[in-house]
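Before anything else, here's the structure in question.
Letters A, B, C, D, E and F name the chains as they come in the text, with residue numbers starting at 1 for each one.
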Amino acid sequence: MNEPVVVRNVEQPPAEVVAALEKFGVTTVHEAQGRCGLLASYMRPIFPGATIAGPAVTVSLPPGDNLMIHVAVEVCCAGNILVVAPTSPCTDGYFGELLATSLRAHGVQGLVIDAGCRDIRPLTEMKFPVWSRAISSQGTVKSTLGSVNIPVVCAGALVEAGDVIVADDDGVVVVRRTVAREVAAAAEQRVRKEDATRERLARGELGLDIYGLRKKIAELGLKYI
Amino acid sequence: MNEPVVVRNVEQPPAEVVAALEKFGVTTVHEAQGRCGLLASYMRPIFPGATIAGPAVTVSLPPGDNLMIHVAVEVCCAGNILVVAPTSPCTDGYFGELLATSLRAHGVQGLVIDAGCRDIRPLTEMKFPVWSRAISSQGTVKSTLGSVNIPVVCAGALVEAGDVIVADDDGVVVVRRTVAREVAAAAEQRVRKEDATRERLARGELGLDIYGLRKKIAELGLKYI
Amino acid sequence: MNEPVVVRNVEQPPAEVVAALEKFGVTTVHEAQGRCGLLASYMRPIFPGATIAGPAVTVSLPPGDNLMIHVAVEVCCAGNILVVAPTSPCTDGYFGELLATSLRAHGVQGLVIDAGCRDIRPLTEMKFPVWSRAISSQGTVKSTLGSVNIPVVCAGALVEAGDVIVADDDGVVVVRRTVAREVAAAAEQRVRKEDATRERLARGELGLDIYGLRKKIAELGLKYI
Amino acid sequence: MNEPVVVRNVEQPPAEVVAALEKFGVTTVHEAQGRCGLLASYMRPIFPGATIAGPAVTVSLPPGDNLMIHVAVEVCCAGNILVVAPTSPCTDGYFGELLATSLRAHGVQGLVIDAGCRDIRPLTEMKFPVWSRAISSQGTVKSTLGSVNIPVVCAGALVEAGDVIVADDDGVVVVRRTVAREVAAAAEQRVRKEDATRERLARGELGLDIYGLRKKIAELGLKYI
Amino acid sequence: MNEPVVVRNVEQPPAEVVAALEKFGVTTVHEAQGRCGLLASYMRPIFPGATIAGPAVTVSLPPGDNLMIHVAVEVCCAGNILVVAPTSPCTDGYFGELLATSLRAHGVQGLVIDAGCRDIRPLTEMKFPVWSRAISSQGTVKSTLGSVNIPVVCAGALVEAGDVIVADDDGVVVVRRTVAREVAAAAEQRVRKEDATRERLARGELGLDIYGLRKKIAELGLKYI
Amino acid sequence: MNEPVVVRNVEQPPAEVVAALEKFGVTTVHEAQGRCGLLASYMRPIFPGATIAGPAVTVSLPPGDNLMIHVAVEVCCAGNILVVAPTSPCTDGYFGELLATSLRAHGVQGLVIDAGCRDIRPLTEMKFPVWSRAISSQGTVKSTLGSVNIPVVCAGALVEAGDVIVADDDGVVVVRRTVAREVAAAAEQRVRKEDATRERLARGELGLDIYGLRKKIAELGLKYI
C-alpha cells in the first residue's frame, strides 16, 4: 500500500521541450496548459531572479527527517529539479549548503521544497536556486524512510517523477511529461498573441476593446453613473 | 442595494497636497492623521524602494475574475492609483505586465490589490509598483461584474474614490480626500519635530528625558532592581 | 508574582565568545548546541545580508505600547541586542528610525522583535538590522508598564538577559550565557568537519557513503525498483 | 482628523425591520442585499444555536485596552448589538462575564468583536451570544481612548452606528440602516422562491433544470465523456 | 490539456469494502494504509458525531463559482460522497441547504469541500454531514466551467473518482479504490491488535514494555537523572 | 548542552493549592498572577466543559515522533497533566485513545499538546480532556529521543516540571510552582471582589462609575457629540 521505495529509470521529457518551457516562465506556462499545475503561492524563491526548468525527481519524507534527500541524490540526472514534500506540514530546514553542493556535483539545477531551507547566504552566493515555504535553521534527523520518484502532492499540486517543473519569481508550476510538448507549443502561441496585445495597450487602446468586452458588460447590465 | 456600477467624474484631491503626502511617506502620514487608515501589514511591495501617492480609483470584484480591472482602466486619470478589493479572500494573480502596460499608458502610477499579482520580473523591470497580499500566477476569468469607484474595504481599510493612497516600503495608508490638506500640514509639523528629536537622540539623550516619561513610569510604579 | 521591573547589572558573556558565535552564524550555532534555541521562522530580517551577535537585553511589554523600549535604552550596554516580546500577539510597528538612532547612540547592534517594525527604508539606509514578525506603520502608545531584563518567550524561544543572540539571513537563535563558550567550541568543530565533507560532496561523493547511511536504509527495508 | 469621540443619539432602524431580518438569518440577508456586508469567516459564535439582529453600537479601540467598551455601555439602548473593532490585529480577551452582565442590564443583545472573548462557560450558561475571532483569557488594560459610534471596519466589513447586525451560526452580516427595509423585503421574496425550489429538489429534480443551466453549460462547451 | 469535462461511468468500489472502512473510521484507515491519504487538518466537520464512507465524485471548480456542483449532482449514485476542490484557495460558501436537499434526493451521503459551507443550522437539523475548511455565507455565481470526476487535489490529498472517502470527527482520509479491500483487511488486523494492547495499557502496563522500546531508548542513549 | 534526559523526582505543588486553582479556572488565575502564563489562544479543548488543574510533566520531542510520550508515562504521578511541546511546529496526531488509556491507568488527568490529537470521539466518550492546536489523524513514528521534565516552551509559554497547569474552555494557563499558593490567594480575593461588582452591574450601574473611570476619560480628553 505505502511502502518506502526508490524508483529508478524515470522517463525524461525531451530536452528541447524543457528548454522552451524555461524560456516562457511560470505564468505563461500555467496559462498555456489551461490554468492548472500551479503550486501554492506560499512557495517563494530564497533569492530573486532565478528561472529554472527541468524534470522532477520527487521525494516524499517524514516531518523533520531528511534521510531521503540523501537517498535521492544518487538517482538524480543532470538537469533534474528535486521536489520534496513532507507527509505532514513542516517548516524545518531540511536543506542547506552541503546538500546543494552535492546536488550541483550531480548536475541538479535547483530545489522545490514544501518545507524549510537554511544557509540562505551561502546558497545565494553559490546561486543555487530554492523555492520553499519557509526559511528555517531547524535541523533534521536521518532516521525514517520515505520514497523517491513516487507521485507526491507538493504545495497542493500533484507532481510525478519526470514531470517538468518550471520555477521563477512568480512561483512554481508543474507540467505533466506527456503533455509538455503540447504545452510548450501553446505557450509559444500565447506569447506571440500577447506581444501584439502589448503593443496596442501601450498605445492606449483599452482591453475592453481589444478583448471585445464592451458587449459583454452591457449584456450583464453594468451601469455607468 | 448592491448593483454593479461604474462611477465617473470622481472629485480629485489637489495635486500639491498629493505631492506633499508622497514626500512624507506612509508612517509619517499614518501618524499625522491620528494613526488610522493603514492597510493590513500583509500588503507588501513586489519590489523594494518605490514610493507613490495619488488619488484612488477603487474596484470591487469577485474572486478569480478580473473583468472589472479592464473596465476601470477607462475611467482612470493620470496620477491615479488603482485599488482592487475582491468581495471574498482570494490570492489569484489578477494582474500582470499587460495590465500594467495599459495602466501606464493612461498615466496610472501603481496598483494596490488585496489579492495576488504575477509577472513579478517584468513588472520590476518596467518599475511598475504593486502592493499585494500574494504573488501568484493563478489566472482569472472575465465573467462577472463588480463595481468601480464605490467605497471598498481593502485589506481592512475603507477606501473611497478620490481618497489619497500613499504606499512605500512600510506598506499602504489611505487619507480621506476631505482631510488630505490638513493631514499634509500635520505631517510637515511632525517631520520638523522629529528632526529635532533625532538630533538629540543621536547625541545620546534618552527618550525617557526627551518625551518626559520619567515621571510617568515612577507614578505607574516601575521598580529598578 | 508579575510586577513591572527593570533589572540592571546583567551578567554579560565573554566578548570573544560572542565574536566566535557571530562568525559561525545561526544555523551552525543552532546545530552546535543540539538543535535548540531557534526562534520561530516567521522572524525575518528587514533587509538581507546582516549578521550580528550580542548579549540580549529583554523587554516584555503590552500590545500596542512601546513605553518599555524607551525604558530599556537606558540599561543597554555597547554590543547589546534588544529582544522585544509583547505579552500577546501583535504586529504593531513598535520601532522605527528614531529609536534606532537612540539605540545606536548607546552602542546597541540591532533589534529582535516578535511584533512589527516600521521606517524600513531609513533603517536600511542606516544599516540598523532588525528581525521582526511583521512590517507595519501602526503606531503605538506609551501608557502601560512592562519589564526589562526578565526572562521572556520571544517567537517561541526562552530568552534571558545576557544570553547571546545570533541573527542572520537564516533567522535568530539564542544561546544560554552559561553554555556559550561550550557552544562556540562545538561550532568550531562542526565547521571543520563540514569543510571536509563539503570537499568530498563537491567531488561527487554521496552523503549516503560519507555519512554511512547505506546500511541503515537497507536495515530499514528501503526497496529500489 | 481622528480624535476620540463618543457619538450619542444614533438613528435607529425600525423595530419591525430588525425583527424581519432576524427571522431570515445571515445567509439569506447576505444574498438578499446583493452578496455584500459579510464579516470575515473567522468570526465564530462562542456557542452554537443563537440568532440575533439589532442596531449596531460601534467601538473603535486600541489593542489590549477595553476602556472604550465601558464607555460604550452608557450609550447603548435596548436591543442594540455591540460591535468592537481594534485598530490593529489583536486576539486579547477584551470581554467576559462581567461586561456581559452589564450589557444585559442595559438591554444589549450580544457582542460582535474582531478580537478575543473569555469566560466562555459563564457566557454560555447565561446565554449571552458573542461572535469573536478568538477565545482568549488574555486580560486588557483601561488606559487609552478610542471612539464610540464612529464608522469602523470590523472583520473586513464597514459598520456604521445604527446599521443592522444579523448574526447566527453562519457568521455575521451588516445591513446599512437606510436599506434595511428594502433588504428585508428582498429576503422575504428569496425565502418564498427557495421554498418552491426546495420542494422540487427534494423530489429529485436537478438544479441544472430548475435554474435553466443546461443551455449555458452547453454553450460554454462542457463535454461529457 | 485541461478542458472542462464530466466523466460518467466511474468504477465503484465494492459495497462491503466501503462498509468495512466506515466501521474503522479515519485514524485506523489512515494507519492501515501506511499513513497516507489524509486531508489537511483544517478540514473540520460542521457538526460533531457523523461518520461516513463512500466512493468519491470529484469536482474541480473556480473560486466563487458553484456551477459545477449542480452539474455533478446528475452523475452521483446512491452512497457517493461529493469531493469539491477549488482551483485556487477560497473560503466562499459554495454549498448550503438547497444543494444538500438535492444531493440527498440522489442518495449522496455527504460533502467534503476545500472551501466554505453555509446554512449550518439547517444542515445540522437535516443531519447532512459536511467537512469544510470554512463556514461562510459568501454566495457564489454560476458562470464558469470546471470538471467532474477528474483527479483533484483536495486539501493536499489526491482524490480520484471512485476512491473511497472516509470522514469522521478526526478528519477525512482517501483510500485508492484499487487497494480498498487490502486496506480494510489491514484495518481489521490493526483493530484486533489494538484491542489487546488497550487491555494491557488499562491494567497499567507501559507502552515502553508492550512495544519493546526499552532497548531502543537505551541504545539511543537516553539518560535518567 | 541539549542532551536527551528524563528527570525523575520532580517536586510537586501542594494538593490543596492545585484544588483551589482548579476551582477558579483559567481566566481568574491568569488575572490573579498578573496576566502572565497564558498559552496561545490556538490551544483549544477537543470537547467543551472540562476543567482540570494539576502539576505538569513536560515532554520535548521531535516533529512526527511520539516515542517520548511513551517514556513520559512511566514518570507520571496521579493528578499530573502531560504537557507536550514539539521542537518545531507540527500538527501531527501524536496522541489518541490508547495513550489516554495508559495515562488514565497511571492517574494522569489530561493532556496539553502544542500539536495534533486524534481519536476525538473515543476520547470524548471516555472523557479524557485534551487541549491541542490541531485535530489530525496523522500518525507518528517512535525513532528519536527528546526529553522529559526539562523546561519547555509550549504554545508560547514557559512550562517547568511541577508547575501547575490549569485548563478549561477559556484555554490553558501555567502557574509557577513556587508562587502557586500566592496566586491561589490572589484569585480568591479577585473572585470576592468580582462577586460584588457583578451584583452592581446587574442592577444597571456602569463600569465607568464602579471602576472610577469618568475622571480618567475626561482627563484623556474624550468628547461626547
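Just so we're on the same page, contacts are C-beta pairs under 8 Å (C-beta built on N, C-alpha and C of every residue); 3 or more make two chains touch, one makes a residue touch a chain.
Worth saying up front: this structure is predicted, and the values here are computed from it rather than measured.
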- Give me the chains shared as neighbours by chain C and chain E. A, B, D, F
- Result of counting contacting C-beta pairs for D-E and A-F, higher pair: D-E
- Item | For chain A paired with chain E, centre-to-centre distance based on mean C-alpha positions, whole Å | 27
- Averaging only over C-alpha atoms, locate the centres of chain E and chain F and give their separation in whole Å. 31
- Cα centre of chain B to Cα centre of chain E, whole Å, reads 42
- Any chance you could list the residues of chain C touching two or more other chains? 3, 35, 38, 87-89, 91, 136, 138, 144
- Message: On the basis of the stated criterion, which chains touch which? Give every pair.
- Response: A-B, A-C, A-E, A-F, B-C, B-D, B-E, C-D, C-F, D-E, D-F, E-F
- Query: Given the complex with chain A, which residues does chain E contribute to the contact?
  - Reply: 1-3, 32-36, 38, 40, 87-89, 151, 153, 156-158, 179, 182-183, 186
- Touching residues (chain side chain A, partner chain C) in the complex: 3-8, 67, 70-71, 73-74, 91, 93, 96-99, 101-102, 104-106, 116, 118-121, 124, 134-139, 142, 144-145
- Residues of chain C defined as touching chain D within the complex: 62-65, 87-92, 136, 138, 141, 143-144
- Message: Considering only the defined contacts, which chain B positions touch chain C in the complex?
- Response: 25-27, 30-31, 35, 38, 41, 44, 48-49, 168-171, 173, 194, 197-198, 201-204, 206-208, 211, 213, 216-217, 220-225
